[in-house]
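Across the two complexes that follow, chain A remains constant while its partner is chain B and subsequently chain C.
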Partner chain A sequence: MRTASAVSKYIAFARVATALARRDRGELYGRMLFFAVILGVFSSLWRAVAEAGMPIAADPRLLVWYLATTEWIILSAPPVHAELQESIRRGDVVCRLGRPVSYVGAAFAEALGLLAVRAPVLAATAWACAFAFTGWIPPLAPLALTLPLGFAAAALIAAMYLWIGLLAFWLEDVSPVFWVVQKLLFVFGGLMLPIELYPRAMQIAAAWTPFPVMLAGPASFVLRQSAADSLTLALEQAAWGGGIAFAVWWAFRRASATLTINGG
Partner chain B sequence: MRERSNNRSFAWALLTTNLKAAAALRGAFVMQVVFMMLNNLTFFVFWWALMRRVPDLRGWRLGDIQVLFGIVAAGFGLTVTLAGGVRDLSRLIDGGELDTLLVQPKPVLLHALGLRLQASGFGDVLSGLVFIAWSGQVTWRMAPLVLLAIAASAIVVLACGIVFHSLTFWLGNVDTVARQLWELLITFALYPEPLFGGVLRLVLFTLLPAGFVGYVPARVAQRPTAALVAITIAAAAAYLLFAAAVFERGLKRYASGSRFGVHG
Partner chain C sequence: MRAAPAVEITDLCKAFHVRRPRPGGFVARVQNFFRPHTQTVTAVDRLSFSIAPGERVAFVGPNGAGKSTTLKVLAGILQPDAGSVRVLGLEPARQRRELAFRVGTVFGQRSQLWYQLPPRDTFALLGRVYEIAGTEHRRRLDALTAAFGLGPILDTPVRQLSLGERMRCEIAASLLHAPRILFLDEPTIGLDVSAKAVIRELLHTESAQNGVTLLLTSHDTGDIERVCERVIVIHRGRLLWDGPIAHLRRRYLTTKRLTVWSEAERLELQLPGVRVVSSDAFRTELEVALDVASVGQVIDAALAQSPVRDLAVEDAPLDAVIRALYAEAEAGSSES
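And then the complex of A and B:
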């Protein structure tokens, strides 16, 4: 009973965020446009690569669908760190700390609410654009698998952004940390290029980071055209999810212990 | 003549004030610069990994892409360093915050652009120069032309920012759209020109002039001809004059926000 009541509070946060995201559609339309442009650019790039006669993948069409999946995940994940930083800078965080809910839990619930609006719209955009640029659809079974695993991956990315936002308790501006983590995600996560195409040393380094399970993992089902190893990926995502949750909890615990409130 | 000299010293005063403000938070300043450089270097890993396998992409080699990337990064960095206020133009217009600038005997656009300096811009400029030097495509004798190419690129980036944000005068709050259009401009400018053909190519040299942000200045830095240099300078001047005219036209429609504010 108590658990249900606790969960319902967070569901309420998620629902409010969903309602706000539905109303403020400008950013979502912008992301859809950006999606179409980037897939157009890359479909052209992969055609040029195929012309160059280099067998970097069996088919350039697969690489477009791979990119559609990785971009869908990354564009769906709401950049919650920015709002968190503002809240900490302005001092609003103090008002929110007094509520009978976990501050980071509520922020994550809001991120999931935003994700619930963005992910389906952007998935439809991804598939429509990828089909428009390739005139081809991959086998449906592996493609369907990318949806739940991609959603989980986007939630993991949102949790990572949450952790970055919490660094605002110590840093003047968390944007530089965000840029670098985001670019590491691009490279080690295999955003534009499957990790197998990077040098061996980078592949080994990537395996020690959470980034591959966030992007390349779900997208590789499209590339391999097979649904095998989905359970392994789900377990890996759960394990990294636990790790990120611990990092968020620890950062928030340290921050709230050192927080000094002046004035009233 | 005297007015022009006054404007120059006013612009210099804005820049030095912004520099002092940025330098006051030395740690944050250095961190933004270093992390932006890391950010750009990490992004380039994609091209490095791809061009190891595909050394020639429709006539473009890794060195060519480094010059292109360097020019765009340095041009963008220069814009947000010298005229960082361009990013907030839409907000200033929509929020009625131009009121405080209108009552001062200084050019409104110049003042609005010089209101902010983005420290990360220094990181963009430095990494841009590193990319150009590292490309092995440019000799020291070409340094003046490289600087000209960077300046021309910066002017076109700035002009586009002014035009996109000035749409607020007619369409209301278009901050998100303006920022996304600006992002698209940079995105297109970062990819080799031969990837784009047909109508898109025409668009990239007119409505969304990525061609004058990246490809043409990059060619000036690598293989300059008198005609190319003339085209680059003429295009930069034309876009800047057009942007100033759009802003001035929009300013006639500006409705006060009846707000009080102080700009230091």
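And then the complex of A and C:
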């Protein structure tokens, strides 16, 4: 009974966030437009590379679908760190801390609510654009697998952004941390190119980070055109999710103990 | 048998470690990054008081006195460094969530409402958060909507509301779960005179009718006088005064204002301890220093000069009384 009540609280936060996302459509339209532009540019680039006879070790059509998937995940993940930082800077966090609910749990539920609106819309955009630029659709079984695993990956990224946002309890500005982590995600996650195409040393380095399960992992099903290893990826995502959850919990615990509310 | 206190604080201490960057060039900047220099600022210093259930208490002090910090400790948001804090028998730092069901907080400069959404959506969310059953939630919301006049604004996005309307919604939101105590941190800040009057009336009525204990910080003495019956004054985290407002006036009231409407066009009252504040035709406003002269003496002197049509005797504003208290505390702390 208590668990159901606790879950319903977080569902309520997620629903508020979905209501917000539905009202504030401008950002979503902006992301959709960005999507179309970036996929257009890269599909032309991969085609030109292939036509020039340069070895890119994969079919350009697959690379466009791969990029569509990784970009879909990245663009779906809500940048919760910015909202958290603003709330902590302004001192508004005080209103949220006084509620009978976990502060980070509520923030994460809101992120999932935003994700629930963004992810389907952006997935449709991604697939439509990828089809428009390649005139081809990958086999449906591996493509369908990218949906739940991509959603889970975007949720992991949102949790990581949440951890970055919590650093605002100590740092004046978390954006440098965000930029560094995001660039690491782009590189080690394999945003533009599959990790298999990286030099060996880079592949080994990437394997020690959580980033491949956030981008390359779900997108590789499109590349391999196979549903094999999906359970392994889901388990890896769960393991890294546990690690990030611990980091978030620890950061919030430390912050609550030494909390200073800005502005009195 | 006396009821257990709603709030009980004993020797509460709370300090913050504030970063103070070393001035200087590159070396200082590197040092500030790797080994930041911090300074300890004492916000609350061995503060003790208790509040009975249903009391309406003003918590007053200059900026930086420790009022907001104390409220946040009471709400369980900040952890005390030392001392004991009990609110409704619970220990806020350890039992924050349990306590949250029984207390409400309003922070005048912060908002708990979703800016882009109508208040109704926030109320619905808070209903879930505070585990209020559907029918009870509807009943509470209807009652608060009627009491706070929220009907016309319930479905308007918060960003389109005036500050007064928003504040009514904030207070209604904090009362939705029927808390036994309401902590209010400057609830009327930035409001116009009529909006302030509405908020004060609502708070007073809610407390009087439902027995809600109020602890209210404000720099506006109107809030204190119209809502509260008792005042706690702190300065630099320490208790300066705790007692009924009337006693505070009596203790620190050194002057009274006397306005005389006379038959004669001008009154020439040159008495020791009496200062003419303003003088118009047939109207003279005087300030009487009570340790030198009595109001009766001044009235006698005025009557000796001219028949009097009317007169009014007023206490010095509470502002002046509190200023006197701060000044005394400042003098005391500079001597020590």
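Basically, the second predicted complex is superposed on the first by the 258 of 264 C-alpha atoms of A that agree within 3 Å, B and C clash if a C-alpha of one lies under 4 Å from a C-alpha of the other, contacts with A are read in each partner's own complex, and residues count from 1 in each chain.
Assume contacts are C-beta pairs under 8 Å (C-beta built on N, C-alpha and C of every residue); 3 or more make two chains touch, one makes a residue touch a chain.
Note that the coordinates shown come from a computational prediction; the quantities given were computed from them, not determined experimentally.
Peer 1: Between chain B and chain C, positioned on chain A by superposition, is the outcome a clash or a fit?
Peer 2: Superposition check on chain A shows chain B and chain C fit without a clash.
Peer 1: Considering only the touch criterion stated at the top, classify A:A257 as touching first (chain B), second (chain C), both, or neither.
Peer 2: second
Peer 1: Answer with first, second, both or neither: which of chain B and chain C does A:L97 touch in the superposed model?
Peer 2: second
Peer 1: Have a look at where A:K9 lands relative to chain B and chain C in the superposition and call it first, second, both or neither.
Peer 2: second
Peer 1: If you stack the two complexes on chain A, which partner ends up touching A:R23: first (chain B), second (chain C), both, or neither?
Peer 2: In the superposition, A:R23 touches chain C alone.
Peer 1: Please indicate which partner A:L33 is in contact with in the superposed arrangement: first for chain B, second for chain C, both, or neither.
Peer 2: In the superposition, A:L33 touches chain B alone.
Peer 1: Would you sort A:L197 into first (chain B), second (chain C), both or neither based on which partner it touches?
Peer 2: A:L197 contacts chain B only, not chain C.
Peer 1: Counting only touches as set out at the top, which of chain B and chain C does A:I137 meet: first, second, both, neither?
Peer 2: The answer is neither, since A:I137 touches no partner chain.
Peer 1: Using the superposition on chain A described above, determine whether A:A239 touches chain B (first), chain C (second), both, or neither.
Peer 2: neither
Peer 1: If we overlay the two complexes on their shared chain A, which of chain B and chain C does A:F186 touch? Say first, second, both or neither.
Peer 2: first
Peer 1: Which angle, in steps of 10°, is spanned at chain A by chain B and chain C when each chain is reduced to its C-alpha centre?
Peer 2: 80
Peer 1: So after superposition, what is the minimum Cα distance from chain B to chain C, given in Å?
Peer 2: 5
Peer 1: State the interface residues of chain B toward chain A in the complex, per the touch definition above.
Peer 2: My answer: residues 25, 27-28, 31-32, 34-36, 38-39, 42-43, 45-46, 49-50, 52-54, 56-58, 120, 176-177, 179-180, 183-184, 187-188, 191, 194-196, 200.
Peer 1: Could you please specify the touching residues of chain A with respect to chain B in the complex?
Peer 2: Residues 26-27, 30, 33-34, 37-38, 40-41, 44-45, 48-49, 51-52, 54, 56, 171-173, 175-177, 179-180, 182-184, 186-187, 192-193, 197-199, 202.
Peer 1: Please name which positions on chain C make contact with chain A in the complex.
Peer 2: Residue list for chain C touching chain A: 16-18, 63-64, 68-69, 72, 75-79, 96-98, 100-101, 103, 105, 107, 109-112, 114, 116-117, 121-122, 124-125, 128-131.
Peer 1: In their complex, what parts of chain A are in touch with chain C?
Peer 2: Its residues touching chain C are 5, 8-9, 11-13, 15-16, 19-20, 23-24, 90-92, 94-101, 256-261, 263-264.
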